[in-house]
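A, B, C and D label the chains in the order they appear, each numbered from 1.
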């Protein structure tokens, strides 16, 4: 992982700015012969798409994806299949509102990447934040939809589990609820309570952070690798690479620090299908390698830095100023981070599946 | 980062098992002409070395490092300097206690990588946990000592900030205290209180987790890169690759989820030396790029899984069993994780410094 | 280099098939602030473009390139500049002739990648050879045009120096002649002689191989790196990755095998601008590192395997057959390989320039 | 491939200088469960070892290899097996003759990397050429011995086919002869003739180049990958990374340039075991992917630049000088390049085998 590329065997490269003509991704290393379609990818993109409720940006983007390469119509079945060559996916930007950018052209928005891009590169595409825009995540989600096809036996789902200081009640956790509310939240009661809360934040011209939990079920034992190829380390990098993410944890995560060894270590029992664990503090990963239990990752998203409330800042000429970020921004970027987190989980797992298969010749562990 | 290699331009590869003849690291891509010595590296290794207090493993290892390549005596000054070629560092294992390994040869220790290594590879070096042993971290610390020399203007320090459920009081935080107690703790009062607490844990044949905070001061604006080259993502992967780590956060981290945009975004003011930030919720990183403020990373270490208390487990033949892990184990691996976290910070920064310089031709940002 | 990506710091990824909607390249790691335009890239693409003489394929492609990302209009100068983020370049396929592909759908063309793609992937885009088509090289040439901008002081030129068994006479070598004949040949006399020769080959439904020489002048001492980062090794991989290339040599190349040490080693003399070499058998590279002399690479292209003469082959059902490849093919792909070789040289040098700068902080050697 | 590391899934990193305490290699990504021993590796090392005839350097090195990690004694069979973790191999330097290096400390040897290392790094280990010494190739050969174990069904052999201007007669080619003469030459008549020829070169204080042919039989169809993952491109880089190599070709190589399409393209016929080729101009590779025929690579080695004949050169102070390289140098480094070429072939194939298996889940092509 470096530059704009992520992954080793299953690998993708994203490109594109918020206000350029298009954005896209090249997915490379995909196994051949996998049935695919633009519709399958679109389904995931549509979940990330803005403007679907009053709680996300009102920017209107179709996010219609086109497959430009890497697939071929199977002569016998008439279905589109991957060929093993790079899959280029393109999404046009259609709602680039023409407007006056002078406010952010000459001022650095606190909490935003304006200042650091300017310092690093000496040139900055300030229109809609350019490459720093969360629009890049559409490309990840498209790539993630391909990745899901590579690990079809793995069920990858995510839920918003905290918004601002309000956490869900895990006793009410129900995956079936995730698509029944505008928050991708598995706790329907919490989701109901969050509506007035986030309305208040939004109307106050403010924003708030969130925590997302991503769970992958069906990962066999054996994926991942020791030391610098750890599944946990790649998941940490994957989630931390998402816009606004400031924290990642696996399984018990930070809570594990407060536990004793007797409480934290997941005990095991024999079974017909091999050993199983009596708990999952490990989040499905031991020594960087999957243990067969659900892989559980949580990550925290900071509050959107583009807000309507005036903030103290500095101009590019190093003069004190105040800035107000108008425009169509998410009051909580954590909501749309739910499908993005799922995509990153799929992308990491697809890569590690192929890496494990390459080294060992097996799809999974040795079994029992 | 993959396999046993970490980094892109400044890159290192570790090797070696707990009970093999030696372990080591190859540091590649180091700039030439840097003054170096085994003593400089040894200084960092000695901080990580086991057996320095009753709170760490009683294994006795000198961890004496030898430089086998990549350096040359400068004819004019008589000092040893890096040549730009790979620096091979070797540490012999000297205290590999001969003992009966049957207990862990045939049983999987709960919370340990025994099960996953066995599943992944079908063969497992059970002596002292083989490659999964924390002895690998000696190699990182050695590499990290070299990395520090590459970024000499950056001060990298770390402190234990939580042990079990007990957190430090940040109002007492004083870097000068870190080496005055057996916990590498910047809060001397907390450190005092932790002694009886950890004695209790240890005597109970139990273990406990911890949180470590690593701070890098003097990082100029501009290091790191957008999207999949983010400084934050590489730091997350770096810390998560350390044995027993289950969580990583940057700056405000998980707390940022609970904040509003007005509270979280660090406001800016102009100054003679350019803009500065009025707070550091960002932990020195915006959009994956350093902003000139201290880079702040915290990570959580789970409690050691090798404990004296009997736990339910399974044999390699899938039969129920009980396991007790004798041997010389740390009651809290978080203590020795302090210098390890510093090393990983140094290694990430050295790599990003070179990557930034490669792309832009500058050592830092454009300045003001 | 692996998959469809080439380079480390300056890196590009190509995608697209011959008969898909488009092909393209993502150039990543480009330094910021470089003036760029579609016209600059188009100039190189136009040299590679088919259909410019009777000696290349009659396929009509505009090969019009669009810059989709990675650039920004500089507010002060009004010019387009690179921003340091990925530059996505897209070229639409416009002349995909609708035709009957049954001949090559079910038969493997001798000398072509049909058989190996089928074996590797189990699925094959047979339309216009899919990903194995030389149309991919348009993407390289586009990337190469960007690379040239990264090393503006290096002059990269190439010439056809052999077609079939006919070699040029180096005493007539004149770079100024390269664009005066349809062969990109620096020897005008040879170029004249090649016309009837290649007409004969073409009319006979046959094809012929060629040798291309690429020369980079202005490369300072110090680029490249020992062992597996050798400039020579990366150039070898770069040229060998071009369609139909079967051989690569640096400087004296295979001739060096026949020389003695006294003849081959380039002697040196002191000068006001530092030492210089009295000959250039080394092709500008010693120990994998540039020595300041022109970097000289030659590569051989095999004859086009798609020919009108019937050849013995096998069907996908493993039955003996005969195949004739109709369509619009180059009688000598070596001609269009000239600008492609230049592009690959530029791409390798741009990457090594940044890698050298990253490690050493200098753009060149230490100088005298 | 970059820095001192080669390969992607099966990957190795070498380190060490000619006159340091030791040199070595870390082999990473090796499949687990492969039977291994120091003796197996030693066998290959002994073929490369200096001082075995009057035609190679008289330096006396045992080149005794030690396995420091990555293996474990299988409890059931008592044999040593790979564990999937990094295999560290170490070779001590024992015959570092203490001598006066002032001749080469202050002067650049023509044809040697002295000048370029000095320019690149500003510091140079001149003792025995430091990292530029061919002693590094011992590490490759050790890694190559491991690689052979990963592809046990592939027979990799090499022969010197040209020394100076004298080529072998392929009609006398017999693999069984390779170990019957001091040249690793498959043509016994040529080998006999080369003895007085090379004696003459040696006694004249001169040196001469050579060509080596490496052949891998038993490579199944399907290894390698299109575009920048071509088997041919990786082989080219692999061979070109060997000290003194200036040219590489696959199959017909440069001769292919002179052929017509009808002559060059290998025709195919059906057979019980699937299609086969009637000739092998392709050298076993089409479109960068193996076709099942023997993989044939030739590379040219320039004459040793360290010779006893005085040559014109320059001092590090940019003054004209003369240099004579005393010491124990090979009159033809091409001889010992034979086992080195075999090692690089094995290393490339092992990596591509794992990469192919990772992407497709198959060890070979789809078969018939």
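Rule of thumb we're sticking to: a residue touches a chain if its C-beta (ideal position, glycine included) is under 8 Å from a C-beta of that chain, and two chains touch if they have at least 3 such contacts.
Given the structure is predicted, the values throughout are model-derived calculations rather than measurements.
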item: Contact-richer chain pair (by C-beta pairs counted) among B-D and B-C; value: B-D
item: Listed pair (A-B, B-D or A-D) duplicating the A-C contact set, over half by residue number; value: B-D
item: CA centroid of subunit C to CA centroid of subunit D, Å; value: 26
item: Interchain centroid distance [CA atoms averaged], subunit B/subunit D, Å; value: 38
item: Centre distance in Å when subunit B and subunit C are each reduced to the mean of their C-alpha atoms; value: 44
item: Contacts with 2+ other chains: residues of subunit D; value: 3-5, 8, 14, 29, 32, 84-85, 120-122, 131, 226, 355, 360
item: Contact set on subunit D toward subunit A in their complex; value: 8-9, 29-32, 84-85, 226, 354-355, 357-361, 363
item: Residues on subunit B engaged by subunit D in the complex (per definition of touch); value: 3-5, 11, 13-17, 20-24, 26, 28-29, 32-33, 66, 68-70, 72, 74-75, 81-88, 105, 120-125, 130-131
item: Subunit B partner contacts - residues on subunit A that touch it in the complex; value: 1-6, 8, 14, 108-113, 115-122, 131-132, 136, 162-165, 201, 206-211, 221-230, 232-241, 245-254, 256-271, 274-275, 277-278, 281-283, 285-292, 300-307, 309, 311-315, 318-320, 334, 355-356, 360, 364-368
